[in-house]
Amino acid sequence: MDMQIFLQQLVNGASLGSMYALIAIGYTMVYGVLRLINFAHGDIMMVGAYFTFFAKAAGLPFEVAVLIGIIGAAIVGILTDKIAYKPLRDAPKISLLITAIGISFFLENLFTVLFGSTPKAFSAPEYLTKIFHIHGIYLPISVIIIPTVTLLILAVVLWILYKTKYGMAIRALAFDIQTVKLMGIDADRIIMIVFAIGSALAAIGGIFYAISYPSIDPLMGIIVGLKAFAAAVLGGIGSVGGAVVGGFILGFTEIFVVAMFPELGGYKDAFAFFFLILVLLFKPTGIMGQDLERGRF
Amino acid sequence: MKKFTSIVATMALLGGMAYAKEVKIGVVLPLTGNIAAFGQTSKAGLDIAAAQNNKLSNGDTVKLVVVDDRGDKVEAATAVKRLLDKDKVSVILGEVASSNSMAMAPVAEKAKTPMLTHASTNPRVTKGKKYVTRACFIDPFQGAVMAKYALNQGLKTAVVVTDAKQDYSVGLSKAFKKAYTAGGGKILKTILINSGDKDFNAQVAALKQANPAIVAFTGYYPEAALMLKQARDMGVKTPFIGADGTGFPQLVKIAGKAAEGFMYTDHFNEAAVSSPEAKAYVAAYHKKYKKPADSMGALAADGYGMIIQAMNNCIKAGKASDDKECINKNLRNTKGYKGITGVITIDKDGNAVKSAVINEVKDGKFTYKTTVNP
Amino acid sequence: MSGNILKIDHITMQFGGVTAIDDLSFEVEKGSIYGLIGPNGAGKTTIFNIITGNLYPTKGKVIFEGNDITGVKPNKVVYKGIARTFQNIRLFKSMSVLDNILIGFDAQANYSYFEAILRLPRYFKHEKLIKEKAYELMDIFGITQFANSNATALSYGNQRKVEIARALATNPKLLLLDEPAAGMNPNETAELSEIIHKIKKDFNLSILLIEHDMKFVNAMCDNLTVLDYGEKIFEGKPADAIVDKRVISAYLGDFTNA
Amino acid sequence: MNKFIRNIILIAIVIYFIYYAQKHFDSYTLSILDNIGIFAILALSYNLINGIAGQFSLEPNGFVAIGAYFTAILLIPTDTKLDMFALVDPAPIILQMKAHFLPAILIGGVAASFVALLLSFPVFRVRGDYLAIVTLGFGFIIRIFAINNPAYTNGAMGLNDIPEEANFLWIGILCVITFLVMIHVIYSKFGRAMKSVRDDEDAASAMGINTFKMKTYAFMTSAFFEGVGGGLLASMLTTITPDQFSFLLTFQLLIIIVLGGLGSMSGALIATILVMGGMEWLRFLDDDIKIFGMDLGAHPGMRMVVFAILLIVMMLFARRGLLGDRELTEFFKKKSK
């Protein structure tokens, strides 16, 4: 592999990894506070992309449409929690998981019924799709913007978690929901904030995804969601930093393995899990994770 | 009640032609799920055809019973059983995806009910089956058309992109390679993708390295669009040729400018229609849907038309319009049916022998280039 | 009596950099009741976990009936003849009292998986056998009436009895009791010590118990070791422990309360 | 002995019903019954590892796939194989594999069970949610593997023309056998031990239970019947592709066993009938909906939306599923007391 191709794949991997990372953060945060594998999270990403698409189709400027997409997804995320998860706080964990699957089915099929299952073409403004050509490397501007924005968002999320009152409450919640209630913190409100942040990030991931691969459909969240979840576990579920690391590792692996061994192209979707299984077998709590029973960010 | 029935029966006998009954066609399509786009476009065309003509020559009405199988094989097979037992249909029309049709075929075969698939191109769908027929050409033909066209353009080296998840793509790739090599071309590389993938940067890099004269893309349109876009973004200027799975308007919408110059083989292009029947269909389609008629819809309409013709032939021969054996015999013996997608003749294996068209994307539109006859 | 049943031989246990147990040795005489006492965090339960194989000691050995059993897996330790109860009662919450006790008889029901699936005679024979034994045990503890109730629906004292009965079902030679009297009222405690003495005799047991309640320990134990921050500060007869200065200073709070 | 005779009579009645249905029901009804029967086998066996042994795993799609592929390869005649493998030539061993129906089904089960044995060593090193994701990954990898090894599986095209030997008689009887085996396992020392592992793994091993062994027994038994179910599925459908064995299959089974009440075998049976029957019954929602002569048009997908809503509502109001972890008979016992 010569240098040009290497660099090319490096930026591609960073861009793909960023999207996994953004979605993985939501998985990891929800897991942190609720111990729930939120299977509907991948579909929230799809919801964000669709809202943006329709806002833009309605004639709004792209930037406004993006904002609507993010807020819309956050609202859907909060509603999901209020309707399907909150009543089950004290129920067995597996019931919660089933309702998560139910929500996932619901969103996928509702969007199919409402908007059809034909992929829709997602068009981003010129300044996001421009392509630079430097020394044989083709750089769509998005591959620069996406990782940059992702890292900025990570900084903001970490700031919220470590420097704000709410962040402290979120981290406390991750340790023990009972103690938090005793401390007089409204746990449900904190959980709501977690869903809002997680869903907003998923929506950003979804919009980035739609910019990079400009076709959106109601089932787009399934595989990406699963992979992002794998990334979250890979990094150590419950750890935001871990989710980002996991996301990037997955992104780079997918890109590089296929580039170096094209005959393995058919196995691409399995990498996430294969890799994950190996890591888990040697370090069962993931790369940056702590003991499962003591989640942390 | 019994008495009433017998009176009706007697009246029907006496009335003969005057008493019109209802003949049911069971339609199995993927209206939801991964490949719903194919099912929905098929249904759009089918609706046009059914609106144009739902009466048989003896006055019997034809009713469509449409079932969604979610693109799932198990559901497809169950759907056929349901249509046969519950709805008592006389003919089955569908599916699009070859794998689903292959799940349906044995059920129809066992029930000795004719099944006509309008768009499944894999040869095995009809193989060894007495009651399964198709209204479209098969992959070996389509692959050969792609290869010949590329070679005629002087494009002697190719990279084949195969969708490892689609039997359609695997079969088509094989057919293309065979014809291309036989015609003196050289296959440089086969690149595998999976339908559902959105990132093809790695494959595009491999493609760039191989630097072929043409890329034969044998998958479906969602991947074609994204791959084209990513290839052009990375400065790959090699022409792409695809097949009937790529000819959807979404290709252009998604790929945008990158789709320019993309060629593909298809069953039909509305610009190439000449027969009055086809023109009437296209006009009705435009009126109802306000967009160009596509090939899935046209094929479904042809399938419907062939079934109607077979039923009418049965009536002519003095048989009942819902006589399954007779319908099957007539379907199998279709010769020179003037359809929307061209003149259709069914060979001894139940496959349609018909022409293919080659289209090219120009200014964001599918423009007709040429017709290739078998 | 003839020698030791259990010998703790210079055991040290470190977690990370923290030493939980420091070079501890003691011996449990066959047929005796041995007490292990000390304030919270003294490392008592850690010793239990080392004996039962849940933890592997940093240094030292566990000798049971003359054999080194250090690091033998928990379920294998049971076969050697050591059974235990837990500090915070751990019954199988979805199962009945009878089923809980039958778990203890698992090894004595000698039929294979296929014999169970095919319901061959051995299944019926052995199931009947262990059920009879389970009822005998429940009779001893006076819990037969609860046989088919859910185990966790019982009162605290009865749950404790079920747990001890379950441990006894494994047919142990040495029984490890982790704070058996914790959370019991004086009546229950008195009843419990009676039962412990009875089963010790009937089943020919040696008992190692962890306790907080000094009165209880005095009434029960033949010998004891007092631990403080992982270190042995006293070994000998209970009567001597009460007057030992180091024990009193380490244990003062608990002492006065007890 | 009274109970024994009662059970024999019950089984005889069920088998007579199966026989009667096979002889007299139409093929559509039978196909629904076939589906219910196969899913019942899968749900019952999945319930053993997830509900009884409490190991929250998401792999049955992988085992079903293994059973289906083994059975299919064993049943398809050699010349059909030669003809079918379009992408590459079949591996010699594939051509040599051949068996009658019942042995083929059983070999499928044994193969799945064997893979479960191999898998248990790495998989049971982790617990809880990690177990879930590792097993989910396994199911995923099996599918990708099937796609990428065309010499053994004919790749994405899958296998067709599998002789249709499975009928409701076979499916029904195997379903009864599965149910009996599960009940026999549960009401034995092994079932008790599995439940103890579910309730408290440490306490279980402190009682001398080899927890790894119990998990592996449950896993292998589960896998065996999932493999058998897969074989029946292959022979019933006559065609299989890797995509059939996606995690949607697992989710469907998960929904069934949780709805029925984790750990309850009779609950799993009832839930299978409700879910599979319900999916079929809700089909009308996808058709044209006409209210007071107003044509609202067809809304394909509506059925799944309604199904999802029903599922969520059921989980919200019947949290522990229909029967909790108890069997149907236990409810009658309570009443009679």
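We call the chains A, B, C and D, going by the order they appear; numbering starts again at 1 in every chain.
Here is the rule we go by: a residue touches a chain if its C-beta (ideal position, glycine included) is under 8 Å from a C-beta of that chain, and two chains touch if they have at least 3 such contacts.
A quick note: this is a predicted structure, and the numbers were derived from the prediction, not measured.
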Assembly fragments, chain D aside and the remaining chains unmoved: A, B | C
Comparison of C-D and A-D by number of C-beta pairs in contact, larger one: A-D
Central subunit by CA centre of mass proxy: D
Maximum centroid distance from chain D, chain identifier (CA atoms): C
Chain C-chain D separation of Cα centroids, rounded to whole Å: 43
Separation of mean Cα positions, chain D and chain A [Å, integer]: 31
Length of the line joining the C-alpha centres of chain B and chain C, rounded to whole Å: 74
Separation of chain B from chain D, taking each centre as the mean of its C-alpha atoms, in whole Å: 34
Two or more partner chains touched - positions in chain A: 109, 112, 117, 266, 269
Contacts with two or more other chains, residues of chain B listed in rising order: 32, 36, 40, 164, 194
Multi-chain contact residues (two or more partners), chain C: none
Each pair of chains that touches, named by its two labels: A-B, A-D, B-D, C-D
Chain A partner contacts - residues on chain D that touch it in the complex: 56, 122, 125-130, 132-134, 136-138, 140-141, 144-145, 147-148, 247, 251, 254-255, 258-259, 262, 299-302, 304-305, 307-309, 311-312, 315-316, 319-320
Complex contacts: residues of chain B adjacent to chain A: 32-34, 36-37, 40, 164, 189, 191-194, 196-199, 201-203, 205-206, 209, 222, 225-226, 229, 233-235, 250, 253-254, 256
Residues on chain A engaged by chain B in the complex (per definition of touch): 5, 8-9, 12, 16, 109, 112, 116-123, 131, 133, 138, 140, 209, 212-215, 217, 219-220, 223, 254-256, 258-259, 262-263, 265-266, 268-269
Complex contacts: residues of chain D adjacent to chain C: 181, 184-185, 188-190, 192-193, 195-196, 198-200, 202-211, 217, 263, 325
Interface residues, chain B side, partner chain D - complex: 31-32, 36, 39-40, 66-68, 70, 72-74, 77-78, 81-82, 84-86, 99, 102-103, 106-107, 110-111, 122, 124, 128, 163-167, 169-171, 174, 194
